[in-house]
Structures are given as C-alpha cells and as structure tokens.
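This is the structure I want to talk about, given as structure tokens.
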Amino acid sequence: MKVSARNVLKGKVKKVTPGVVNVEVVIELPGGGELVSIITKESGERLGLADGKDVYAIVKASNVMLGVDH
Amino acid sequence: MKVSARNVLKGKVKKVTPGVVNVEVVIELPGGGELVSIITKESGERLGLADGKDVYAIVKASNVMLGVDH
Amino acid sequence: MKVSARNVLKGKVKKVTPGVVNVEVVIELPGGGELVSIITKESGERLGLADGKDVYAIVKASNVMLGVDH
Amino acid sequence: MKVSARNVLKGKVKKVTPGVVNVEVVIELPGGGELVSIITKESGERLGLADGKDVYAIVKASNVMLGVDH
Amino acid sequence: MKVSARNVLKGKVKKVTPGVVNVEVVIELPGGGELVSIITKESGERLGLADGKDVYAIVKASNVMLGVDH
Amino acid sequence: MKVSARNVLKGKVKKVTPGVVNVEVVIELPGGGELVSIITKESGERLGLADGKDVYAIVKASNVMLGVDH
C-alpha cells in the first residue's frame, strides 16, 4: 500500500515499552536522531515490532507543528 | 518554551506554498531528507517563515503511525 | 507496506475537490456510507486519485472520538 | 450537539479494554466491519460504554489518511 | 449527542475566513481569550457558522500538547 | 521556542494521573475552566509537571472540532 502521508521516515526499532492498551516505540533514524511513536499494543504485535526491526514512521503533514527560536 | 512533544527535528525552510487559510511548508533536514507541514497562513506569517530560515518540526508521539514492509 | 493504524476501510473515490494546498476527497464505502478526507494536493496527485479509484481510508485509533445519544 | 466532523459512523460497542488512563473500544459497524477508538478511561465511564451500547465513531476529515494499492 | 472529548469550551464565533476546502474560525471565549479552528467549508456551512453564533470548541485530550517556560 | 499552534492557553497543573506509558494531566484555567491533556509519561517527567506548576496547553487549529446546539 502507498499512503498519502507526506512524511515517511525509515528507521530501526530501538526500544518498545508496552503499556496496557498502548505501546511506546522509540525509532532510531539513520543519521542518529530518534523518533517516538505511541500506537496500540495490538498494532505493535501485529507489525511484529522488536528491537532492530526496520520500520517506517509515518506522519500526516497536518500533524506537523512548527517552531522557531526567539 | 519547552514543549511536551517527543519529536522535535531541526531543519531549514525549503519552500512555502501559501493557500487561502493554510500554507504548506517543506523543511529540509540536515541529513538531506524532507518533512512537510501544513499550518495556518497566519501562523506562517507570525513565525516569519521564509526560505532558508531555521525551524523545528514538532510532532506529538501519538501522531506518529508506524509501517513495516511485508 | 503494512501500517499500524487499526482502522483501514476500503472504498472508492466519489469526488475530489481541489483547494490550493489541500484537496477534499469523498470516499464511498461498500455499504453505501461515505467518508471524507483532507490531504495535501500533492499527495492526491501522487496517489493518482480520481473518481472511481479504489482507495483505503486510514485512521489511527487515537483519532477516533466517540459519541452517544442522550 | 451537532458536530463539525464530516465522519460520523453509527455502530455498537463490541469490546472495551481498560488501561490505566486510556481505554480501547472496539465498535462493530452494521455491515460487519469494525472500528477501534482510544479515549480516556474517564470519558469511557462518562459515556457509559459497555458491550452492545449504540455509539457513534467521530473522525475529523483532516485525520483521515488515504492509501492505494501499488 | 454527548461526545467523549474531554475538552469542550463554549464561545462565540468572532470571524469566519473561508478558503477553498477549509475555513478558519476564530472563537471568542467568555473570559476574553480566543481559540482558532480549521474545519471543512462544508462543515462550516452545515453548522450555520456566522459571527456571534454560540459554538463549542471540542478538543480530544490526546491532541493537547503541553509547554512550560524555561 | 515560539510555536505555530494558534491555541496556547496558560493554566496551572491541577492533577497528574500516571499510566504506564502515558499520563493524564488536568489543567486549571484562570477563569475556572479545565483542560485535559494526554502526553507520554517521559514528557511529563521531562517538563517536571506537578500540582500547581504553570503550564501552557497547546492545540493546533486543525485539531479543534466545532459543535453547535440543535
């Protein structure tokens, strides 16, 4: 499937922290940066998320806020 | 101000495309990747967005979806 | 790509209304219902959206609000 | 109250899974499909969600991503 | 309809700025503050939004980011 | 940092309820109203959230839904 989201960043799962209904997933980007995602625990299991797995972080453009230094 | 968002990526404005109420902002990341943001036109003007300006892309962790290859 | 989103509904594009930076896409569901999506114009073009095209509406579970009758 | 959201789908609660601050709610649609929602536990209690209860799934159009097959 | 959203603020429409597919709505709160909403133009028309109209601003708790001063 | 979000409301933390990966934060507004936010537990700790702390609730305009009475 090809998705409409303008932001698709490739990375590797660095850490999965399970809660009761959600999991927090830390993704390591090639350049050394990190992204954090919260998805449902069932989705994490369905995607087979585990440390080191290749993964895409997908963000809709309307969910990207901007900031500037003063 | 320090924000709760787990994802704050530094980049430079590459292109601003104004609509009537929104603007589309393309941000160039240091590694060469790009992010796209949709914000209101008034916010774009208030932040003084223009090509080459340093900017942060801010994404709440709950807005990061994940994907894996089949 | 397989996505983490818990809600993936198959339908057909019924109408595409282009704005300057966004497009509004009306999707017809098999049962006769409709969904509406706002994505960037560039994404609409990249996906080749046009009337009658098969399409998936994808919604992250954290973006589904609930309501009940009084 | 009448809401601005373009997507309001009627269904029945199929399953409620409580976490500590959030609950996951599976909704069965008339056609047999399902939707999943994550809301706060307090909201779930305030709405009196329980198996079989009539409920509306409400999604803002800007939160609907699209996908197409390759 | 009663909604799950934890944040429902009553106000009055102060200004409606129509775009092609979206409209920007400025809402005046009782205490003098303002909120801004972007919804689809069709939703704005369906709700009959016009200056001075009583309106509720509805925000899901997962869409509220926090910030603190340094 | 100055953010693009059109909605920045100043308040005080009234209550923090920790889950496993998320925390629920109730914010008291000057006029007596309340807002509720769900952020990750790590963000809550990084911001040093505690009862009585000054805090900003930040909401992107595209995440504000509207409602009207019938």
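Letters A, B, C, D, E and F mark the chains in the order given here, with residues in each chain numbered from 1 onward.
Convention: contacts are C-beta pairs under 8 Å (C-beta built on N, C-alpha and C of every residue); 3 or more make two chains touch, one makes a residue touch a chain.
Fair warning: this is a prediction, and the values are worked out from it, not measured in the lab.
Chemist: Would you kindly say which chain has the C-alpha centre located farthest from the C-alpha centre of subunit B?
Modeler: Result for the farthest chain: D.
Chemist: Between subunit B and subunit D, tell me the centre distance in angstrom, where each centre is the average of that chain's C-alpha atoms.
Modeler: Subunit B and subunit D have C-alpha centres separated by 29 Å.
Chemist: Centre to centre, by mean C-alpha position, how many angstrom separate subunit D and subunit F?
Modeler: Once rounded, the distance between the two centres reads 23 Å.
Chemist: Could you grab the centroid distance between subunit A and subunit B? Build each centroid from C-alpha atoms only and quote it in angstrom.
Modeler: Between these chains, centre-to-centre, one finds 16 Å.
Chemist: Tell me, which residues of subunit B touch at least two other chains?
Modeler: As it turns out, subunit B has residues touching two or more other chains at 1-6, 19-20, 22, 24, 36-40, 42-43, 47, 56, 58, 60-63, 65-69.
Chemist: So which chains actually touch one another? I want all the pairs, not just one.
Modeler: A-B, A-C, A-D, A-F, B-C, B-E, B-F, C-D, C-E, D-E, D-F, E-F
Chemist: Under the definition above, what is the set of subunit F residues touching subunit B in their complex?
Modeler: It comes out as residues 1-6, 37-40, 42-44, 46-47, 56, 58, 60-62.
Chemist: Which stretch or stretches of subunit E touch subunit F in the complex?
Modeler: 3, 5-9, 24-25, 27, 29-31, 33, 35-39, 43, 47-49, 53-69
Chemist: Residues of subunit F touching subunit D in their complex?
Modeler: 17-20, 22-24, 36, 38, 62-63, 65-70
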